[in-house]
Structure formats: structure tokens, C-alpha cells
Amino acid sequence: MNVVGVEHQDKIVCQNISKVFIQKGNQRVHVLEDINLSVKENEFVVILGPGQSGKSTLLRIIAGLETPTSGKAILDGVEVAGPGPDRGLVFQSYMLFPWKTVMGNVELGPKLRGIRKKERREIASHYINLVGLDGFENHYPHQLSGGMKQRVGIARAYANNPELMLLDEPFGQLDAQTRYFMEKETARIWEAEKRTVLFVTNNIDEAIYLGARIISLQGKLPGRMHRVYEVDLPRPREHTDMKFLELRHEITEASELTL
Amino acid sequence: MAKPIRSIANEVQMQVKEKRPFTILTVLKNRWFLYTVSITAFFLLWDTVAYRRVFGGGLARPQEVITQLGKMMVDTMAGKSLMGHVWASTHRILIGFSLASIVAVPLGLMMALNRYVNAFVRPVFDLLKPMPPIAWISIAILWFGIGEESKVFIIVVGTFVPCLLNAFNGVRLIEPQLYDVVRMLGGNRRDEIIQVCFPAAFPAIFAGLQISLSIAWTCVLAAELVSSRSGLGFIIIQGMTLSKPAQIIGGMLLIAVAAWGMSLLVSGLEKFLCPWKREVMSQ
Amino acid sequence: MAYEQVSVKTPLGLRVLPFASLLLFLGTWQAVIDFGVVPNTMLASPTQVFKLFLVKLTDPNPDGAVLIRHAWTSVQEAFTGYILALLVGIPLGLLMGWFVVVEGLARPIFELIRPIPPIAWIPLTIFWFGIGITGKVFIIWVAGIVPCVINSFVGVRMTNPTLIQMARTYGASDWQIFRQICIPSALPMVFGALQIALAYCWTNLVGAELLAADNGLGYLITMGRRLALPDMVVLGMIMVGLTGVVIGVIIDYVEKRLLAGIRR
């Protein structure tokens, strides 16, 4: 159903999204309040916030895994009604199927959509190459390091050719150096195959390095929109660039005020 | 001395072994030395106790047991060779276990996936669960007589519970986000079950397999001890009726070997069918 | 306010279903006998079993004892064997987990005994002890020892190596480390063993009584079969299950009450 009042080039629009969870023990947890944002086609948007700010929930609402208590998420003019292959989700804890090989994991999306074996092998191989894991097609997840597992996660999401890529703190479980490496890889992969991306993180450096626009949520529940930052730096970005550091300073100061 | 073991991707793990001074104490504390001492002492003790008739002829000496085993491998008992008896017991277990798992595993999976099925089946299951399978022997004989059916029935009863529980828990302990993955990739409920539940429940079912096996051996043994004309339990009973303790002990050892062998087979089968790590539900 | 109270209801169908299921089960059971689908020589209906239960509370015929007496004999035997198994098995397992000497000496014997189902010992014990309490207690003891040793062993082996290394830096001796770190660390596994061992002991007790006894619940079941009295058989089975559950609950209670402080 098409929704009025949405600009044509807006890929995603969130209108007045609020979310209240009812937990066992009969408690209500108010996680999101009044979220309004819009993302353009092929834009790399970062949602930044400390822990417990509801950002993962927001991502899951856009993914269709949760329904908002009020408000709606709109993708390409159509309201989000549930999970689907038009959105790819990369999980923080990788969520690879341990009983499938790398190839098996990546080709699962096409397989579920009925694509023939030869074709889906090609698609999967292409994306395994893209993330830099060629040669590891027949490895099982337990044989891979954390960074490699996450790359499989990214390839798996890409292989389904989604309209939208959603990444939920994908590098949260990696050590600092692997994290820098994965940030560079993510930027490289996105440049190679552009998609609209919503990237959730709590790391300010990561947000500035990757995002064209940063939407920060305030630091306590319920999560509310705090500030929006435009990142105007040319790619590839440098963590030690003057303007990078200035922006970093600005965001850090602003975040401290809300905690 | 460090030697590299098993490289994981681009990591290589080193194993370092210290060189310790070689003294009498190292010998005495060496595991294998102690094992040997232990086994030797055990057999010596056994021999002495048997020789001195501490149990009044009720314990046979080790060499008597070995001779008896040798005889059993050549002679027939009640018309069957030794292997025949071993096979009799084993194939009862195989049939009983297969029958039980064909019903128990799907039922367990359904109970884990559907709350209504769970609410319906659980009470009856909880009612019947505390009754030890061996307690069913008498009623099995009332129903099926003393033939093969009653023995297979006991094994079915005995292995049903662990199979069901393991299938149930195998599904219940699946990381819920794995279902999300399937949904996001475009799968529906049916895909969730086929792509996630079955493979994830597999290792749990195998874990239940080992337990089921040892229960199955106890069941088949008990059933054979009560009344049978073939099987390892029969060998033991015959040893009792013919007053041949050597045969009794020989039978016991055979059972130990057979059970151990089957357990090894199952482990091997598991390694073959589930080449990924067992403990983790998602990576 | 970010937190508010709200109640979540279980659907009515879900709450009624268990009762409906039980009624259906009992009803079918009763009907199958009443309508002659299954001959009364093979199975007794719930009402018949219940009647026998009431009768057996006071009547010692035809098997030689009142119901409570049978149950008590069984419980006594099981309990004796169980406690003995705990007293031997747990210390042994703990020591085996830490001291190489103990493991080296005890393990081969244990691994030899372990695969033999405890029931297999029955003919041997008949030879040695006759059909009396000693034989049965022995079998129950053998049955209970295995999970006790295994769980205690694994419990000690699973001790956090960092804790041990830390103790060594304080200069603790092997024995001190064992007492202060390994044993407390292994306690959860040991408590797990209590229930497992009980289940094993109880199952094997029934088996032992089925085959070689003149008293006890297992004997009651066997007598029912010999005299072709299915109601006695079913009564025996139910009593076995019930008693097992009751003992389990008691053990659980004792565990929680007396050892609440030590347990993690």
C-alpha cells in the first residue's frame, strides 16, 4: 500500500516509530520514542548510540522482525510488514549455521528463493570473492576467525541482492585491530557494490569512518533522536584527518551531555 | 619444544611441553605405569579370591573365564554360536531403538515447535516417565508372551523417553536469532523447520543416542534374564542354571565389550555425520 | 515512566489442554477394558487398579505382604545402596579428578566395570549372596557408583585452570588446592550426580527385585504376572513410578535445605 507524503527518492522512511516491549514478569519496557528519519537510495547512514539506546530494536523494526507499537517504517513507499529477502541483515553474533560450510551459508538465500544450483553457486562465489574469502568456500564456521565469520555474514546478506543492507553492530565482537580492518573492508565492499545501508554502532570513530550521515540516539531509554550529523569527508577516510577529529570531538561532547 | 597444532585460518596454536627430570617419582606417577599396576593387581586379587573360594565357588578364576570364552566361541549354546547370541541381543536393540526413535524424535520436535502439541502430550508423558522401563517387563510378557516381541517392546519403552527428551531439548535450545536469519533470507515457517530445527537437533539427538544405548542394553539384558532362549542375557542365565560361574562372568564381559563397541560405533557415526563442533548452537 | 505493569494471559485452550489430555488418557484406558477391546487377562482398568490399591493397603494376600511393606522394603534397599554409592563414589571421583595416582589405580577397574549393566551382576550375586537384601544392595551400589564417580571426576576436571594457577602462586600444596578449590568448584556437578544416581539406583532396584526377590515392589509386579493378575502388575508399576518420584522430591528437598549455603 503506497503511503502519501513520502518523497520519491527516499528509500526508507520511519514515521513516529515507538516501541514498547512487554517482558515476562509483566513489565513494560519503553525502548523507542518518536523516531523520525529518512534515508536516500544508496546512502550509507549510521545510527549511533551507546548501549541500551534502542538502536538494535530500531533496526529490527525496519527489518520487519519486530512491529512498532506506533508509527511505521516505510520501504520504497510500502509499509514494512515482516521480514523478507529485500532487506539483508548482518547480526552482531554472526549467526552462521554451524552445520553448513561457507558456501552453504552464503548460498542459502538464493536457495530459499528457488534459484538453480549452478546459478546460485555463481552468485555465492561472486560475493565470497567480494568479501575476500575465496579459498574458504568449504570451511565450516568453527574453523574461521571472528572477522572471517562476519565477512561470511556480509556475503550471505549480499547474496540475496537486497534493496537494503542492515548491519547490527557487526564488529562489536571483534578486537580493535580486526575492527579497523573490517571497517576498511566494509567501505571497500560498499564502494564496489553500492546499496542503501543502515549501520548501527556504538563506536564514534567507526560511525565517522563509514557514514555519510550519522543519526545519534540519546543515551538512555526510551531511545529518542538526538542529533543528525552530515559527514562531508572524501573517501577513503583517515582516522587522523583534522576534520575527522573535529567531528569526533563534536559528537563526543554532544553524547556526554545526554548520559 | 613447541610444535604447531591445527591451524585455524591464519592463527597457529603452539603446544609447549616441558621437559621434566626423570626420577623414580616420575615413573611412579606416570599414568600408564599406574594403569598397568592397577590392572595387574586387580587380576591377582581376582585370582586369589577365586582360588581361595572366598565366595564358595561362586567366583571363577580368570583363566577359567578365558577358557570358557574360548569354548563358547567354538561350541554352540541352545543351537546358536556365540556370534549368533551377540547378534540376537544386538538386533533386538536395533529394532527397538529404531521403532522408538521413529515415533519419539518427530514427536519431540513437534512438542518443541508447537505449544498445543506440548500441552497435550506432556501430561501423559510426565505420568509415564517415572516408571522404569524394566517395570514394564511383566506386563510386556502378559501382552506378548515370552518371544521376541516382548523384548523389543521393553527396549522401545526404555529408549523412547531419552530420544524424545533430546529431540525436544535440541530444538528448544536453538538460538532464536537463527530463525530470524531464515526469515530475512526469504524463508517461511517450513524453511525454518527444515533449515534450522532438523540440523540443530541432530547433535542433541546423537547425545541422546549414547544414553539410549546404555538403557537399551540394560533393558535387553533384563528381558533376556527373565525369559529367553538366545542372547547374551541367556548366556548368563545358562551359566547360572548350569552352575558355571565362568560362563556368567564371561557373559558379563561380553556384554561390556559389545556395549562399548556399539558406543564407539555411535561416536564414529556422529563424527561422520556432524563434522561441525558439537557444543555451539550458532556461530 | 519507562516501566509499567501489564499482565500477559495464557490462552484458555493451552490451560485446559493438559487436563483434557489426562482425562482422555484415563478414559480410553478404562473404556478399552470395559468394552472388551483388550481382554481383562492382559490389562486392568484404572478402577480395578485403584480397588486393588485400597485392598492391598491392609491385605497381605496373595503375595505375602501389605503394600506399604513392599514399598518400604524397596525403599530401604534402594536407599542403603544409594547412600553407600554416594559415600564411596563421590570421594573416589573427586580424588581421581585431581590426583594422578588415584586415577591411575582406580580408572582401569572403573572402566572395566562401567559398561556392564548392573543387572548383569544379578546371577553372580545370587551365587554369592543368595536371594537376600545383600545381593540387591550390592547391585544398587554398583549402579549408583558410576554416575557419582563420573560426575565428581568431571567436576574436578572442569575447575578453572586460572584459579589453580593463582593458588600455586600463593604456594599452596596439592592437597590444599584440592580441598579449597577443586572440591567447591566441582560441587554443582556433584549435586547433579545425586539425582542421576538416584534414578539409576531405583531403576536397577526394580530390575533386581523383578528377578530375584521375595519382597518389594518389583516382586509384587512379578507375582502379579505369575498369578495372572494384571491389576497387581499395573499397581506395582504405578507404585514404582510414584515412589521413585517421591524419593526424588525428598532428595531435592534435602539438597536445597541442608546444603543451601554451600551450593552455588
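Note that the chains are named A, B and C in the order they appear, and that numbering of residues resets to 1 at the start of each chain.
The definition used in the following text is that a contact is a pair of C-beta atoms (placed from the backbone, for glycine too) under 8 Å apart; a residue touches a chain by one contact, two chains touch by 3 or more.
As the structure is a computational prediction, the values presented were derived from the model and not from experiment.
Participant: I need the chain pair with the most C-beta contacts, please.
Facilitator: B-C
Participant: Determine the chain that sits nearest the middle of the structure, using the mean of its CA atoms as its centre.
Facilitator: Ranked by how close its C-alpha centre lies to the overall one, first comes B.
Participant: Measuring from the mean C-alpha position of subunit A to the mean C-alpha position of subunit B, what distance in angstrom results?
Facilitator: 47
Participant: Roughly how far is subunit A from subunit C, centre to centre by C-alpha average, rounded to an integer in Å?
Facilitator: So the centroids are 52 Å from each other.
Participant: From the mean C-alpha coordinate of subunit B to that of subunit C, what's the distance rounded to whole Å?
Facilitator: Going by mean C-alpha positions, subunit B sits 18 Å from subunit C.
Participant: Inside the complex, what are the residues of subunit A that reach subunit B?
Facilitator: 63-65, 82-85, 87-89, 91, 93-100, 108-109, 112-113, 136, 139-145, 148-149, 156-157, 160
Participant: Residue numbers of subunit B touching subunit C in their complex, please.
Facilitator: Interface residues on the subunit B side: 28-35, 37-39, 41-42, 55-56, 58-59, 115-116, 119-124, 127-128, 130-139, 141-143, 214, 217-218, 221-222, 225-226, 233, 236-237, 239-240, 245, 248-249, 251-253, 255-257, 259-260, 263.
Participant: Under the definition above, what is the set of subunit B residues touching subunit A in their complex?
Facilitator: Touch residues, subunit B against subunit A: 8-11, 175, 177-178, 180-187, 191, 195-196, 199-200, 202, 274-277, 280-283.
Participant: Write out the stretch or stretches of subunit C touching subunit B in their complex.
Facilitator: Contact set of subunit C toward subunit B: 13-14, 17-22, 25, 41-43, 100-101, 103-109, 112, 114-124, 126-128, 202-204, 206-207, 210-211, 218, 221-222, 224-225, 228, 230, 233-234, 236-238, 240-242, 244-245, 248.
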